[in-house]
Structures are given as C-alpha cells and as structure tokens.
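Labels for the chains are A, B, C and D, by order of writing; each one numbers its residues from 1.
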Amino acid sequence: MSSGSHHITNNLSGEILRHTEVPVVKCYQCGKCTAGCPVAEDMDYPPSLLLRMLQTGEADLEDKVLRSLSIWLCLSCEMCVSRCPMEIDIPKMMDFLRYTSLKEGKTNPKAKNIIRFHRAFLDSINYTGRLYEVGLIADYKMRSLNMTQDVAIAPKMFMRGKLGLIPEIIKERGKMGEIFNKTLKRKGKQL
Amino acid sequence: MAEFEPKIVAFVCNWCTYAGADLTGTSRIKYAANVKIIRFPCTGRIDFMLLLKAFANGADGIIVSGCHPNDCHYTYGNFHARRRWMIFRKLIDFAGIDINRISFNWVSAAEGARWAEVVNTTVETVRKLGPYENYKQVALSIYDQEDKTHE
Amino acid sequence: MKLGFYPGCSLKGGSPEYRISTFNVAEKFGVELVEIPDWNCCGATAAHNMDKELSLSLPGRILALAEAAGLNEIVVPCAACYSRLTVTNHELAEDTQLRENISTIIGMKYEGNVKILNIIQFLDKYVLPHVEEKVVKKFNHDVACYYGCLLVRPHNILKFDREENPQTMDNVITKIGGNPIDWAFKTECCGAGLSVSRTDLVGKLSGKLMIDALDRGAEAIIVACPMCHSNLDMRRSAINKYMNRESEIPVIYITQAVGLAIGLSEKEVGFQYHMVKVKLKEKPITENLVVKKVVQTEPTEEK
Amino acid sequence: MSKIGVFVCHCGENISATVDCEKVAETISKLPGVALSMDYKYMCSDPGQTIIKEAIKEHNLDGVVVAACSPRMHEPTFRKACAEGGLNQYLCEMANIREHCSWVHPRENSTTEKAIDIVRTMVEKVKRNAPLESIKVPVTKKAMVIGGGVAGIQAALDIANAGHKVVMIERDPSIGGHMSQLSETFPTLDCSQCILTPRMVEVAQHPNITLISYAEVESLEGFIGNFKVKVRKKSKSLDEKLCTGCGLCTTKCPNKKIPNEFERGLGFRPAIYVPFPQAVPNKPVIDKKNCTYYTKGKCRICEKVCPTGAIRFDQPDEIVDIEVGAIVLCTGFDVKKPDFFPEYGYGKYKDVIDGLQFERLASASGPTQGVIRRPSDGEIPKKVVFIACAGSRDPAKGIEYCSKICCMYTAKHAMLYKHKVHEGTPYVFYMDIRAGGKMYEEFVRRAIVEDETQYIRGRVSTVYEKNGKLIVKGVDTLMNGRLVEIEADLVVLATAGVANDGAEDLAQKLHVSYDSYKFFAEAHPKLKPVETNTAGIFLAGACQAPKDIPESVAAASGAAVKVCGLFANNELTREPLIAIVNREAPPLYSNCVGCFMCQTVCPYQAIEREEVKDRSGKVIKTLAYINPGLCQGCGTCVALCRSKSIDLLGYTNDQVYTEVMALLND
C-alpha cells in the first residue's frame, strides 16, 4: 500500500501524513533508526520511540513529542531513513514536528539555544543575503547571553583571516526581505 | 394497485456465488423472490451480450456475481469478467441504460448472508428505478421489422 | 572550459582554504569557475529546521540565477549547499505546483536546466582523466576519507556513490598516489548542525569518528565539506576534551590534497588558514598497494 | 418434438412446505415437449430413482429435469440414475427449487411461481442438451521429479514405492540439496546427514528410480498424463560406467584452490571433484571453468591417473527426451547474496557469514570438523552475534515476506554454539520470535533459558571491524531504544530465503505461474497447495515459499499422492464440459478467424494453433484448436471469441440464451 492510500486520521500522525506523506503507521519498531542515530543517546526520546508515541495517537504523548528535545537535536543526517526497512523519512517528519512545535509554542526549554542559533543564522541571511559569521556569532550571543563560548577560538579565527570584519552583502538585499516576508513572517513565525 | 415487482436475472459462477446462494438456502435466510439465477461455470464465461438479451426480454435489473479476486476456481476468469464489465458499463451508460440496473458483485461460497443482502438491495434499487421498458420496446420493434422483412 | 560556481557562505567566510585550493586546482586543469552573480545563502539546516518553503526558496533563487546566467553546470564544493540545492532541484522538478509557488516567492522563473556537481563529481569529471600525468609529488599518506552525511544522503535523490562504504573519494586519493585506509565512520555525522549551539555534542560526534581514524593510523582526515572541516579543525579543543587526548591530526580538503600532488605550494592550497597546523611527514614511496586494498574492501560475489 | 420428463421433488416437507409441488408439476406438464411431469415425496430415494429409470424406458424420454435440491448436492445421483435408465447422463439437468426457492421464501404464490419459472427454464435448457461422452486421456505412468533435495527425495521414494517409475533430475553433481549442508536439525537436534544420506542412497538404488544428476530441463511439451520433457545432461567429462568412484583423480588434480560451493566458500575443492563425501552419485565431474586442461589446454593428469580410463574430455552435453505422465517440482530455494547487506559488511569482512556457512562450521564433516572457528584467523569466537531478519521483512530491500525458518535455525545456531563453546556468549538480535510448530516454542525457550542466549529485541544498524573485533551497533527497543554495542568475534546473518536463480526461467518453460518473488504459485492457497494451475504438474518444498524440513517433506508426500492418484487409472476420465472450436465443411472449415485472442486468456495453455492443409500440404487456414486434455471448461475464451466460433459444451450459447428467454417470458 502506498502511504497515500492510508486512512488519514485527525491526530498528529495524520497531520504528518497529510503534510509530509510520511507514514508513521508503517513503523514496526525494529529500532534500526535509533541504533544508527548519532544523537540518540542524548535525546529524551530516541527516534523509534517518538514514532511509537505518535502511533498511539494519544494527545498527551503527542504533546510530549512536540515538547521533546529530540526533535531539535536531530541533525537531519538521514542515517535513519537510509537504513529504515520501511523507508520512513524520519528527518522530513522531524522538520514538520519542529514547525508544529514552534507554531504551538511548545519548544523544549533545553532547545532554546539551538533555536536561537537558527534564528540568528536566518537573520544574518535576511539582512545581508549571506551568512556573516561575526554578525552571526555576535547576534547569537546577544540572544543566548552565552558570551564566553567561542571567545577562545574567535581571535584565532581573525588571525587566520577566517572571519571577515565587513559583512558580504548581496545587491538585491530587498529580495531576501521579500522571500522571508512571503514565507516565515506570513506564517507568523517571527525571527 | 400492488407494488411493482421487478424481474431480475442473476448470472453467477458455479464455484462461489451459486454455492453461496445454496448456503443462503441451507441457513434459511429469507430474501426477495424477484431474482432468478442462471448458473455458469465461471463469470469469465459470461458474454455481456446476454445482459442486453435479458433487458430485451424484459428484465428490469441484473446481478452478475462470481468469486472474489484471486479466489477464482479457474485462476483468472473473474478478472476477465471484471475487465469486460468495466468496458461494458461505459457502453450501456452511453446507450442510456441506467447502470444502477446492473449490480456487479463478488460473493463467495461462504457468504450466504451476503447473497441475500445483494439480492435485497438490488431489488430495492431497481424497484425505485421502476420498470424498464425502453430497451424491450426498441428490441421488439427491431424484431417486428425483421419479421416483416422475412415475410 | 567554463563552469558555474556556487561558493556558499563558508567558502566566502570561514573556509577560504577550500575556495583557494578549488580555484587553483581547477585552473591547473584549464577549468574556469564562474561565480553565480549575486548568489545568496542556501539556508543550510537552519532554514529547513524553521520553514519548508523558505528552505526551498533560498536555493530556488540560486538555481534561477544560475539558469539566467546561462550556467547549466555548477560546481558546489560545500556538501551542505550541494545537498540543499540538489534536493530543491529534485523537488521542483517533481512538483510543478510547488515550482509555481516558489517562483512567485522569489519572483523569478526556474525551468530546471541546472546540473549540480559536488566537488568529487567535479574532480571525477574534469580532473581525474588527466591527473596522473600532472602528479609531480605522490600524495603518499595513509588518510581517512570522510564523506560526512550530506554528500551521499538522501541517496534516492542525490544518487551519488554508494550509501554504505562509499568509494569515490578514496578513488581520488588513490589516483594521486595516496593510501585511503578502510575505516568505519565514512558517513557518520560530525554534528555540524549544532556546531555553535551544542558544542558539547559536536565534540562527542566528531570525537568518536576521530578516535576511529587515529586508531587505524590515519595521518590526516580528508574532507569535502566546510562544515565537517570547521568542526574537526576549529572544534578541536572540544574534540580532544571528549577523546581526552591531544591530537594534532590535520584535516585536509580533498582539493588541497590534489593540489599538493600536482605541485601547488602549501600557500596556494591555503594551509595557512588551518587552525590545526598541517604537518605531513615525508614517507619513502612504497609500491602502491592501495588499489588492491580498496578492491579487497569491495563485497565479493560468491559463486 | 422432444420428450422431456420432469420430476418434482417434495423433499419431505423441505420443498412442499412453501412450494405447491402439485401445481408446479401440473403447470409444467402443459409445456410443449414435456412428455411427463409428476411430483414425488423423495426423488433421491431408491424408489424415486426407480421411477425415473422406468419413466425413461416407458416414455423413451430424451431429456430429464429433476426439480429438487441444488445440483451441487444430487446432480451426480440423478445423472447416474438416468445413465442406468439408458439415457445419456448429460441429458439430465436439475432445477434448484430448494436452496434457491423453498428455503428462502415464504409460502406464497410468488414462491410457487418462481419454482415454475426455474423448472421451465431448465426444461428449455435440457431440450438443447446434447448427449456427451466423458473424455478419456491415456496416462503415461511415469513421473518426473525435478530437484533432488529432501522434498524431491521424499516425493520420488513415495511414488516409486507405490510401484511407479520415477525419473529424478538434479542440477548439481549430487542430490541432497541444502539439507545435506546442515549440521543438526531443529527441534530435535538430530544430525542432518544421518537422517538424509540413507534416503539419498535409497533413491540411487531404488529399482523404480532413474537418477539423472548434473542435468537441467530444456523444454516441455504435451499435457497431463502425456508430457514430453527435453533434458540436457551436462557433460561430466566422465564415462560413468567405467568410473568406480575411487577418487584418485580428485586427489591428484593439481588445481585444488577452488572455493567449494558445498562448503559455501569456507573450504576448497579440486577442478575434478565430488561435492561432498556422501555424495550420490559418488562419481566426480570436471568443473570446466576451472580445469587447467579446459582453460589452458594442458594437464590431463586425472586422465593419466585414472585406473579405468574413464575420463572423457571430449564428452559433449547430451539432450534426452523423456515421456512422463506427471511432474513434481522440488527445485528448492537459495539465500540472499552478500552485496545485499553493505551496512553489515557481509562479503567485506570474513567473519560476517550467513546461516548456511555457520551450518558448515558446526558440521562434523565441515571445513573445521565441527569446531566453531571464525573464517578470518581460525580463532574460536567468544562472542557471536546472530542477526535475524537479515533481508526478510525489509520492503526497502524488496523482500516484504517473513522467511519463516530463520527464527528456528537461529535459535538452533545459538544452541549449537553454546554446546560447542561453553564459555562463549551467543547474542540474537530479533524483531519477533516466530516459533509456531510442534515443539518449536519450547525449543526457542531452551535456547534462551538453558543455553543462556542473550535475546535482544531490536535491529542492528551497522557492523564494522576494529582491531580484529566486529563492532555491532544495535538497539534494545524493550528498554526505550537503549543503544547496544557488542564487540563480537563472529556475526551470523539469518539471510532471507529467496527463489533459486533460474526459477523464473524454469517456470516459463513449464507454464507454471509464479509470484512476484519468483516462487512457484500453487493452484489454490488453501485447497490446492501442492497443485500448480497446469494440470499434472505439482509442487513440493521451498520452491513454493520458504519452508522447513517437515513442511517440505509433508508437501512432497502430498504431491506424491496426487501423482499416484493420477496413475491409479490407465485413462484419465474428465467431464466433457469443455470448449470446442466449431467446424464447418470446406471451403469455410470454421468460423474461427485465427485471431488467437483466446490463446491469450486461457489459463491452461489449452489452445493450440491448428493448420488446415490442402492435399498438396500447403496451409489454407490456421485455426484455434482446444486440447481436450488441458481444457478445464471455464469458458473465458467463449465469452471473448469475436467470431463466436468457440462454444462451451454444457453451457452453449444456444442453451444460455434460451435460459434467459425462458426465465423472463412466461
């Protein structure tokens, strides 16, 4: 049966199927994804367990999933899907879970820094069109108030000429703004 | 006046639906008396011209029923029947016959109750559709002309 | 011979050595790399962690620009950018409706006529055919070829090399007289995505693979991705902390290795930019066992 | 004007309770062509049947309709009665007024009306019935068994012991199949060789069995009871009559480093070889791909040393025609090839092996004389990891099914290992334990409880080699997906059981259908498990789907009984209700236009091309001809025929159209 032909339910796994065509129901819990996942040990729920929680369709478990750290630790390295006997695209699912978690404001407190970094990163692109590392790091630090981190290597980076002091800026900067307005902002995801 | 009692012919295969109908009997499940069965070895044998013939002779509705897919006693017969039916329904639809007058089913030898259900629902649908005269008239007029030409 | 070139932010910023070595090698083989005019960032992991359309729009614009500039074949040295661009290219080709949406978002048409080459595909196509006659100094070192995750996955879309135990980079090294060791972490993730926000994890993931490389006697780790490089090179303190040993193993771009072999100077391949100084000790040229060794690692059909 | 006799049965109260039988009989008697119409309490009783027999004589009836129960119930009874009454049995029809009428409707006029309609319909039909003679097909009482594994051996012996001739064809130099490679067998742990080899010898010595080893089927013609099989006897480069099997040649052959297929590549064999010591026949063959003489043109040492001069380098392949009445397919299965598991390093690391290889390591006659030594360095492994479902239940790798036997043999392997290496630890990664079978679950429990096998519920992601150890990265899903990393010395993959190479090819040669995995398909999954949809060809063993030994043997005996049943008579008698292509006088010959659409839909390959020739022998017309031996009478071709030149006896167009009209026009 193709994933498309599954009966689509109204719970979170149904949402996932509708938006990403990833059939959570197909998972038979062999655990191969978890076994190969580089960050499984550090997750609060390893991938296979996340899938099981979603399969139950129980509201409290789905809530746990959206509030989990796991979805933010996932590196999208795709090791899981490359070995999954059922070809379940877990990274794609993780993407969706991250959007939903953001949308519903259920992001895990431990993931704050990760999210801050992503936002800082996108800011940099939004304003300059390209990634301006100094700006990024500075911005990230403002957000994370984690001043001391990386001070060790930063100066070294200057000396090696790895960090330019003037940001690279693309001509059509307005374009970036547009793109962001038409995507993130429209969906009310503030940066 | 009495309620309209449709005439319905059932074309069924010997191995599944005919046996299924036997089971309906042995389980004493009651159903409408409007349907009369013609037995074939396999739905694959059913030439759909027979259905037109039935309409021409005043049938108001028709049931075609055989083994479930993959259960055919002759492996593929029911698939051929289904394929033919797909084309045939387009044809009669085009010809202006209401395709609801024909019900195409799978009834296995174990589905006695299902056979009764198929019969009753078909009878009800056809009863709602009312008597089917058009095709018969057309057919008759053709026969008449033929008779004349023969004279 | 002109080819499109998408440096991506890293090659402009944190990884000048990769840019320099790539350009210089290309030049030696008569290939001119033309930068895509006014390119923007591909969005990397951040974008597709935050929003799907955004993650397709940013690369979408790049592809559209390249097409507009008539660059039908573009070299994308950064594995992350390569993955993002290829996936986008694939998705836009699959789904016309999606293509419509994206072009309205970026305000440009894209017909899907751009072919994307990662660095190894580039070397394979334009360098390897003539490399042997150009090699002046065999790159005679035992090295661990590290592919990382984004070069080979998602395999069904990228269709590059083999998902498990890939060989193409090893093949390049062999061709320039090097000796790629057989090791276990070729395609494990180094954790670049969390480089800044969860340095502890990076230390762990990168540490694990570096331990394996060291244990198997690698003199250097060969990479084809600036993320992997900055992780393994810049995050060395975190890594050493995890391994709790002081390792000075250099991390070298595949293009730098090729560069050295065809006689570019250390400066020309940009060793001066490395955090971990590159010291490769000369070795007596031994008979090239490499080819056999690689062959051995191939699965052998039994009769 | 026909003379039809109609007999309406009350079936005690069963019919008469709701149907007015007298009225039925009376109404029908008024129909044209009805010579006699009567009702009776029990038609199927002896007196009832006598009435019919006498009526036939008295009124010399040319057709009989018995209005009673379902033909599926009593048609044979009444047809037999008619035959005894001197009427062709196919001129007797039944009108089902019980199951289809009296039992399903209340006592109303409408019910009786319906009964009348039903009977009238059958009367009209029977008027158009033709006397038919049941078909007789001669039977060649000799069976062919293709494949000499345990299933083939069982089938051959059963048929031969029933007194019929059997020809056994084996692709390899020796019979025995995979079972001869096994060490011990679950759940009893008795030695595979010990129970199999006597049967192998029995096959070789049985007066009714002709064994043709090192041979393959080229083509098949004919039909049930009358098959003609072309068999290619591959050249063994040996005169078997002269060869005494002394084995001197095999010891003297200089080319000894050829991977031994029987040992699954764990041992070596010479170019002239006997696959294994207990081989049957125990005579060598020359492997032309590896023989120095065939490859380089010199050597011929075997020829020089052979005391009887039996070596024949110039011996060609031989094609023989064999006529048989039935065929039993027992070609068995294979296991997935190494390149299938890159993530497990199978084929890359010497110490990652498959189940069959482990069987050889554990076998007393194996390359290590039954000591468990790992292939790389011959060390005795302290930790062995068994990975179940290696390829099975893995749609991503194209195999959705469960290979069924792995759970059991993996448990067995763990046991055997523990019995041989007491201080060692066996680990098993599994998803589910499927141990349905007599003493099976108990066996698995023993492996876990008594032999302390570590069963870990989860799949392995990857296996890689590091300083002489195999690092197995798995997970324990029963501990919320806790990672499990084991430094193993040996990894054994329970590789998926798959169809043999060439299974598809063979199936096409024999017109046997096969599933998407290239396993041969049975005629009915439940009720015809050992028949194929080609009459006279039967199935047994793992060529149908992965099966363990008991199942294969049971299926083999089942198939054997089917063959013996077929051979019980000198002739096959078959119902004459088959399709025929109409014939006309020249110059038309037939309405058949030779489009052969019928050929494409016939599930039994019963339709052949028949050429009509004039005296000079030149072909005037090509017509469809339906082989009465093969046709099963489904009638699909009839409905399909554009020129309406095919008809189905017993259900002719004339008959069925009449039925429709009779049913509707009262």
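Criterion: contacts are C-beta pairs under 8 Å (C-beta built on N, C-alpha and C of every residue); 3 or more make two chains touch, one makes a residue touch a chain.
On a predicted model such as this, the values are computed, not experimentally measured, just so you know.
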- Of all other chains, the one whose Cα centre sits farthest from subunit A: B
- Where is the C-beta contact count highest, in terms of which two chains? A-C
- Note on the structure: Taking the mean of all protein C-alpha atoms as the centre, the chain whose own C-alpha mean lies closest is D
- Centre-of-Cα separation between subunit C and subunit A, whole angstrom: 22
- Note on the structure: Averaging C-alpha coordinates per chain, one finds the centres of subunit A and subunit B separated by a number of Å equal to 59
- Task: Return the distance between the CA-based centres of subunit B and subunit C, expressed in whole Å.
- Result: 68
- Message: Using mean CA coordinates as chain centres, what's the gap between subunit C and subunit D in Å?
- Response: 54
- subunit B residues counted as touching two or more neighbouring chains: none
- Out of subunit C, which residues touch more than one other chain, so two or more? 163
- Which subunit A residues touch at least two other chains? 79
- Pairwise chain contacts, counting only pairs that touch as defined: A-C, A-D, B-D, C-D
- Query: Okay, in this complex, where on subunit D does subunit B touch?
  - Reply: 70-73, 96, 98-101, 103-106, 108, 110-111, 113-114, 117-118, 121, 513, 523, 533, 577, 601, 603, 632-636, 638-640, 648, 651, 653, 656-657, 659-661, 663-665
- Name, in rising order, each residue of subunit D that touches subunit C in their complex. 259, 261, 264-265, 337-339, 342-343, 345-348, 462, 464-467, 471
- What does subunit C use to touch subunit A in their complex? 9-10, 12-16, 38-41, 43-54, 57-58, 61, 104-107, 149-150, 153-155, 163, 187-189, 191-194, 196-199, 201, 204-205, 208, 234, 237, 272-275
- Using the touch definition up top, name the residues of subunit A that touch subunit D in the complex. 28-36, 40-41, 45-49, 79, 83-87
- Query: Which residues, counting only subunit D, touch subunit A once they are in their complex?
  - Reply: 343, 389, 393-397, 431, 457-462, 473-477, 480-481, 483-484
